[in-house]
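The structure that follows is given in the form of structure tokens.
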Amino acid sequence: METEELLLNMGPVHPSTHGVLRFKLRMDGEIIKECNIVMGYLHRGTEKLGEMKTYLQFTPYTDRLDYISAFPNNYAYAKAIEELAGIEVPLRAEYIRVLTMELNRIINHLVFMGSLLMDLGAATMIMWGFREREKALQLFEMLCGARMTFNYIKPGGVRDDLPDGFIPKLNEFLKDMEKRIDDYEQLINENEIFLMRMKNIGVISAQEAINYGLTGPALRGSGVSYDIRKLEPYSIYPDLDFKVCVQSEGDSFARYMVRVDEMRESLHILRQVVDTMPEAKIVAQAKYGIAPMTGMPSAVSTYFPRIFAPPAGEVYSRIEAPKGELGFYIVSDGTTKPYRVKIRSPSFCNLTAIPRMVVGLKIPDLIAAFGTIDVVLGDVDR
Amino acid sequence: MPWISKNWTMKGIIKGLIVTLKHVFHIGGRPTVTVQYPYERMKLAPRFRGKHAIDEDACIGCGICEVNCPNSTITIVKYNTRWFPQFNLGMCMFCGICVDVCPMNALKMTGNYELADYTRESLVYGPEKLLFKKEANQ
Amino acid sequence: MIENAYQLIVYVLTLLGVYEWIYGIFQSFGIDYVLQIIIVFVEIVILFAFVLVTVMFLTWMERKVVAMVQSRYGPMVTGPRGLLQPVMDGVKLIGKEDIIPAKADRWIFTLAPFIVFIPALLVFIPLPFGKSLIISDLRVGLLYIIAISAMSPVALLLAGWASNNKYSLMGAMRAVAQDISYTIPLALTAIAVVMFTGSLSTVDIVNAQGGTWFGIIPKWFIFIQPLGFILFLIASIAEMGRIPFDFQESESELVAGFFTEYSGMKFAMFFLAEYAHLFAVSGIIVTLFLGGWEGPALPFIPVQLTSLVIFLIKTYAVIFFAMWLRDTVPRVRIDQLLNLGWKIMVPLAVLNLLLTGFIVVAGVI
Amino acid sequence: MNAAEELKRLLPNAVVSTGIQINKPLAVIRKEELLKVAEDVKEMGFDHLSVITGIDYTDRFEVVYNFFSYGKKQNLVLKVILGHDNPEIDSLTTFWKGADWLERETYDLVGIRFTGHPNLTRILLPEGWIGHPLRKDYDMKTEQFVMLGEDGEDVVSTDGSKLLRRK
Amino acid sequence: MDPVTIDTTKIKPAKKKPETALEKLEDTGLINTVLAAKEREGLILFSTVDQIINWARLSSLWPVTSGLACCAIEMMAVAMAHHDIARFGMEIFRASPRQADLMFVAGTVTKKMAPRVKQLYEMMPEPKWVIAVGACASTGGPYHESYAVLKGVDLIIPVDVYIPGCPPRPEAWLYGVIQLREKIKNEGYGAKWGLNK
């Protein structure tokens, strides 16, 4: 039967595109024949601004790339500069960094679960996810005074030491979180409708996933046991005991399960970090003008550097952000401003696979597959 | 449909229904968590980065905050024969860099976040709205 | 014997001692049929007012139930516990600008909400709210209900087509496919019930469920027809278009489905029709399977009142279940829905019909 | 022997020089030989193309490819130096599908043309945008506005009077 | 980062929870109706109708789902359990602008997005309100030097309330909503013709 092809435009303002993304779909009835992704509706020119700001001024901008999990962004940028300038970071600062990043990973996956299920029509999960997120955000607010855009991890250390009463509150959160994850899994993991929607949808094989440059949970869902925290260990990850969560099916449900498992794994890491946190209260290193910061609050600002210029050179440094491989390519010409900042954002690269994944599926499947890739538009468009 | 032969009991959905019912009746530590904002407030962390405050005695109007501000929120203006920073809070991203770099420790960030207003111009907070004296405050 | 609401009104008027007097006035002019028309009009107005108030209450209840599941409060500020919220929504929607898109078909676009809204009210005519609380005990009551609710796909299609929007059209197409494929199991399971009663009249169906077995278990059809009940429940949730089967709207896929382009009062009519439908279908479920208004009678209280309360309690239980389910499960996919309808629901409904036939012929119950 | 030196041994003509770029072996290669090098690099097991960066040095362009091998757990950096006028380079989309959007992005923001790319159009900025923002000579003064054309696609113009309600 | 930086004198005390029936009415906005009726004899009916419609409008502001950037996540947080915008009857986030009353411009409005935001605004039926949330939507914020960002959404559509913050925390957000409710209380034909206040 000959049918007319339907051109459907989803977005840029569409409830399930997680922001401002646009799908141009060529459809045969309800089946997607071709999917074109138009992006750039949130292109803010961050890389150009990176050339215009000094190294220290640019840190707040990294918060706004992947705004759901900003600590890894901060850290990736700081790590690139530290590698470029050869800065040693005090151990306690590294512990605090890992603590914040793993907490942020949990938040990211909570938001992921919530928004995925919201797109599938179950609005409850997002409420529960954000309920726990709020508790974690209160911890962040204690730590650095902001809820989403932290500006906390700086080259050479972190901005300030842990405040009083942080660790007990964190322990409380960890205890609570365990129960809550049980709730989530009970709510949805075995739900027949959910399985029906997720299994065998958006399948991508390991070979293809690598070829398309997928990273993070999206790749681990295809059975590639790959985690930069293990392969190129950075920070204190070599000292920590954790496993890489892998699922072999490569479909939407596998990617979902990877993230659920990672949340538990992050809780495990956090407990270790809390247990082995070093006592020495030095959280920043005195090189390139960064004075040692002690726990004394008001003394901190006095020592903070006003001019910071790493030596000329190029560096590509990457970390395992919650969404995948987050890398910063920084070219320094020895001045206070970077010559070029290139951000390798996981969302952008993971999105590449969507047009390939969804051909032959229906719109609801597109939403499910897109949801499990877990992109943030600030990270895609930069 | 193969799944129905395996899942005809709808066990997963029933499990989910039980969890949601537990929430309806607040069973097992699942309370209503809403903080009813205009009447109650969440506890703010001491480090919260809200509206700025300038220590009148300490500020020397050096302009280091102006130079270091990533997005030119700060301009130094003259107020009562002295120079003070003026903040365009409509532009500010509350990153706290100005507080970090202040050589005199004159800048603070308060816990005031109720800043919504009807015009763009009213978001420019001059020294007259931001200055405070340390003695008076403590 | 009082059989319907008309007779009830006449009875109440007679008790008050005014009926003879009023009737006399009308008779002196030779237009006593006008009195009949007025009484019918009054009962219709009472019914519609009741339905509209219920519908408004349902929107509030929906928001509150969702809020409870999600650990929050829901509407609080407007009125006590936010009870005035639906009224405010209504007043606001009346005051909104009524946009008709430039490329839309003006007449059909305007007509469609009415075609949706009026059948949603008409369904209530043969629905027994309590003993003798029924507008008209039609002898083909069940058939009438099914026929009237079968009108809604037409209206949805009109709305979707007239909007001249791809999302609207797709939403309407889905809604029609869904409605048609679920009306069949719905009707088949309803017929199974009818086989026991031998009557399509809703009052007869409720009366057949009176009494108990062994003095404990009420003689509701849910116990004789568990499979039929489950099928009917699923089919009616699909018919209502609620999660997990809310394809007509499916917000995350089709923006707002067939009423994407509607604003103001027309949108409110869709909204009200949806909740009126929810109420009606829950009422039908109660009537068919949960014993309708049958229940314990209390002394000194008119049986009409107790039966109404019993009916409403049962109906709200079903509504609560629908809301509770909505907060728990995600949406199924459209083709999965149709598969479920045609490949599983219809055969099972036929099977149920066969089994019922055997039971009835064998005379077990 | 690191990966860059191995590459030099395999293709001595293609590799201009080798070195280390902070923990990662670096090979500067000739622009003409890129496809041949890419084939070898893929055979050497570098299956993950991490990032493509284009850098404007005002007198020349550099395109930097960062590879990673899941099998060998090694990094490799390839660098290609292009002239400043009309920079062109071969596309790697046939080897790594992930290169598709990275190349489009580099084209969009830096203005390096990738010959052989199946769909080399702007990806982040709307079609018709004047200039490539990450070049050092990009004109930041003139503001460009985007408007909706008849068919719903973007139209770029420097005159925003249709869009703006006040200056 | 001084731990004692909270300037408690500058924070208004939390609003008193209404206890009596009169206070509750005042809180919902109806008291304006009563007062207005008392104040202006002769125009009672007119301004009362006005006030009631205003009350309805401010109590059922349905926002359109139009998250643009970072602030959209806080928009979600506002709708979620801890802050619960549903208390004001605002949880019905309509995906279709035709059914919405209020637009939160939550995030950076880029040049590419600007015409779409404008189109979205034009699709909403009157009466409609806009809240610019965050630095980006108010003035361009951190990105005001960027080539691809519009310097404030008020360049293309009229804005009723600006909420500073990057992103504003949900309470700040709710404060902005309350400011908008205050504004709507004094709207209507009565206000237009100088009859109210």
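For reference, chains read A, B, C, D and E in written order, and residue numbers begin at 1 within each chain.
Rule of thumb we're sticking to: a residue touches a chain if its C-beta (ideal position, glycine included) is under 8 Å from a C-beta of that chain, and two chains touch if they have at least 3 such contacts.
Here the structure is a predicted model, which means the values were calculated and not measured.
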* Shared chain contacts [chain C and chain E, defined touch] -> A, B
* Between B-E and D-E, the pair with more C-beta contacts -> B-E
* **Maximum centroid distance from chain B, chain identifier (CA atoms)** => C
* Centroid-based (C-alpha) most distant chain relative to chain E -> D
* Structure fact -> For the pair chain B and chain D, the C-alpha centroid-to-centroid distance in angstrom is 39
* Length of the line joining the C-alpha centres of chain A and chain B, rounded to whole Å -> 22
* **Distance from the mean Cα position of chain D to that of chain C, given in whole angstrom** => 61
* Whole-Å gap separating chain A and chain C, where each centre is the average of the chain's CA atoms -> 47
* To do: Return the residues of chain A touching two or more other chains; collapse runs of consecutive numbers into ranges.
  => 14-15, 40, 43, 45, 48, 60-61, 124, 127-128, 131, 134, 145, 149, 159-160, 163, 187-188, 191, 193-194, 196, 298, 300-301
* For chain E, which residues are shared contacts with two or more other chains? -> 1-3, 80-82, 84, 87, 95, 112, 116, 142-143, 145, 147-148, 166, 169
* Could you say which residues in chain D touch two or more other chains, in rising order? -> 125-126, 133, 138
* **Chains grouped in pairs wherever the two touch, ordered by label** => A-B, A-C, A-D, A-E, B-C, B-E, C-E, D-E
* Structure fact -> Listed in rising order, chain D residues that touch chain E in their complex are 125-126, 133, 138, 140, 144-148, 154, 163-166
* Structure fact -> Per the touch rule above, chain A residues touching chain C in the complex are 6, 8, 14-16, 30, 117-124, 127-128, 131, 187-188, 191, 193-194, 196-197, 362-365, 367
* Hey, which residues of chain B end up touching chain C in the complex? -> 1, 4, 13, 16-17, 19-21, 23-24, 30-34, 36
* **Complex contacts: residues of chain A adjacent to chain B** => 53, 56-61, 124, 131, 134, 138, 141-146, 149, 151, 159-160, 163, 179, 183, 186-196, 298, 300-302, 304, 306
* Asked: Can you name the residues of chain A that touch chain E in the complex?
  -> 12-15, 19-20, 40-46, 48-49, 52, 60-61, 64, 67-68, 111, 126-128, 130-131, 133-134, 137, 145, 147-149, 159-160, 163, 297-298, 300-301, 377-378
